[in-house]
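Both of the next two complexes hold subunit A, though its partner changes from subunit B to subunit C.
For the complex of A and B:
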């Protein structure tokens, strides 16, 4: 999947924005510091993935799941991330539930051919990028998520 | 492409994660032992990476030298990697920089040491360096 080394970089604009939001206003971040943080973030992803994978292997599972990532944070001594991550997970699950309900609603609406179709479509376009992945991942989710 | 996952969504609410999930997935999958990742694990890893970037930046700024100048520099980050146990895993990719002149001086001193020792034990060089 990663064909060029740049594929392992995270987008600089997003990284810069996250740093700026975290630091007090008006702090100057050198270009070198930005690219160093960006590299560090990629290494963090790999390190977290490898730790999480160890937990999945211990559990004799092939698919990494949310609890593996949380366990990895503990192991890596980033316990401080666990509470905000759990909150994010809750929010994500609510969002997914909302989407599911919305798409069920859409199906019903389609049958009735009501006007609300237009609205739903514009919302869909927003999520297009994720949708492919969701479908591909759905199987896994169904097996592992609801516990 | 990056635009898709950046910033706020239409309702003006903050998105759950701002880093692009597709890119995070590519990085995760570049690890050979990983076979598959479910969507929740992907979202959590992306979120964790954001928290990590925030933490690394604020930690380095607070412990760094640039507070009066309101600046975050590479050497602040390299210091963090060297001094904090949690950030130790970054030491290899955030090495401390030294000036070329300092390095040349170190080399010169080493050479002089070696020469001084040359008379007595000539094959000790490797062990000492």
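For the complex of A and C:
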């Protein structure tokens, strides 16, 4: 038998967990049904990838992006996935951004540790005057990020 | 006074650590806000995407959305298959329930002939 890309299966344990959480308590699933669902999930990914790739090619792009995948969902008649996927994508973007900012912040904190503590105290006392200071600080932060 | 069971608000430290602590802090390992955005490993999904000869590159976000979509798909097909099992008053999903779901639901038509 020729090698089929469907052999690239997703981990059984994860598939099983997703299935069990989707179904009511006390419901079981036979091994055959579970492995069939696992294969179906792989086929789904392959099919979605192919659809998404068509959209990317239409846009003359060589890299698949998230909106290509969302367009593919619509094409495959899985519109009901689109809203939860968009929400997940936003959360994912925030998390990625958070990770990036966290590592940059660590570097900055090492340099500016004592300075930031003093500024925090003055913010609590005089909010009005410090708005101007905050704007300046934000501009400074933007400059650092660009570097 | 009466040794009432764990109160609704005030934690009683007098009873020691043996008292019920479950009220205020659920320590269930499953819940985690934002901790599990996708359960499927992105590396495996990426391997599937790369298996397509027409695909040159795929962005990280695209892989993530595909992984999440696959999860939603698994949930959906499991629930649809369960409806069939329920009608047969069974509590175990069988392969035939899946086949029935695939035949019955239009969106699953792409699966026909692929699972054998």
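Throughout what follows, the second predicted complex is superposed on the first by the 101 of 147 C-alpha atoms of A that agree within 3 Å, B and C clash if a C-alpha of one lies under 4 Å from a C-alpha of the other, contacts with A are read in each partner's own complex, and residues count from 1 in each chain.
Note that contacts are C-beta pairs under 8 Å (C-beta built on N, C-alpha and C of every residue); 3 or more make two chains touch, one makes a residue touch a chain.
Every value quoted in this text rests on a predicted model; they were computed, and no experiment measured them.
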item: Fit or clash - subunit C, subunit B, common subunit A; value: clash
item: First, second, both or neither for A:84, with subunit B first and subunit C second; value: both
item: Subunit B versus subunit C as contact partner of A:26, first or second or both or neither; value: both
item: Touching partner for A:14 - first (subunit B), second (subunit C), both, neither; value: both
item: On subunit A, positions contacted by subunit B and by subunit C; value: 8, 10-11, 14-15, 17-19, 21-23, 26-30, 32-33, 36-37, 39-50, 52-53, 62-66, 68-70, 73, 76-78, 81, 84-85, 88-89, 91-93, 95
item: Touch list for subunit A against partner subunit C, complex; value: 5-6, 8, 10-11, 14-15, 17-19, 21-23, 26-30, 32-33, 36-37, 39-50, 52-53, 62-66, 68-70, 73, 76-78, 81, 84-85, 88-89, 91-93, 95-96
item: Subunit B partner contacts - residues on subunit A that touch it in the complex; value: 1-2, 7-8, 10-11, 13-15, 17-19, 21-24, 26-30, 32-33, 36-37, 39-50, 52-53, 62-66, 68-70, 73, 76-78, 80-81, 84-85, 88-89, 91-93, 95, 126, 129-130, 133-134, 137, 140-141, 144-145
item: Subunit A-touching residues of subunit B, taken from the complex the two chains share; value: 2, 4-6, 9-10, 16-31, 33-45, 47-58, 61, 69-74, 76-78, 81, 85-86, 89-90, 93-94
item: Subunit C to subunit A touching residues, read off their complex; value: 34, 37-41, 44-45, 47-49, 51-52, 54-62, 64-66, 68-75, 77-79, 81-82, 85, 91-95, 97-98, 102, 106-108, 110-111, 114-115
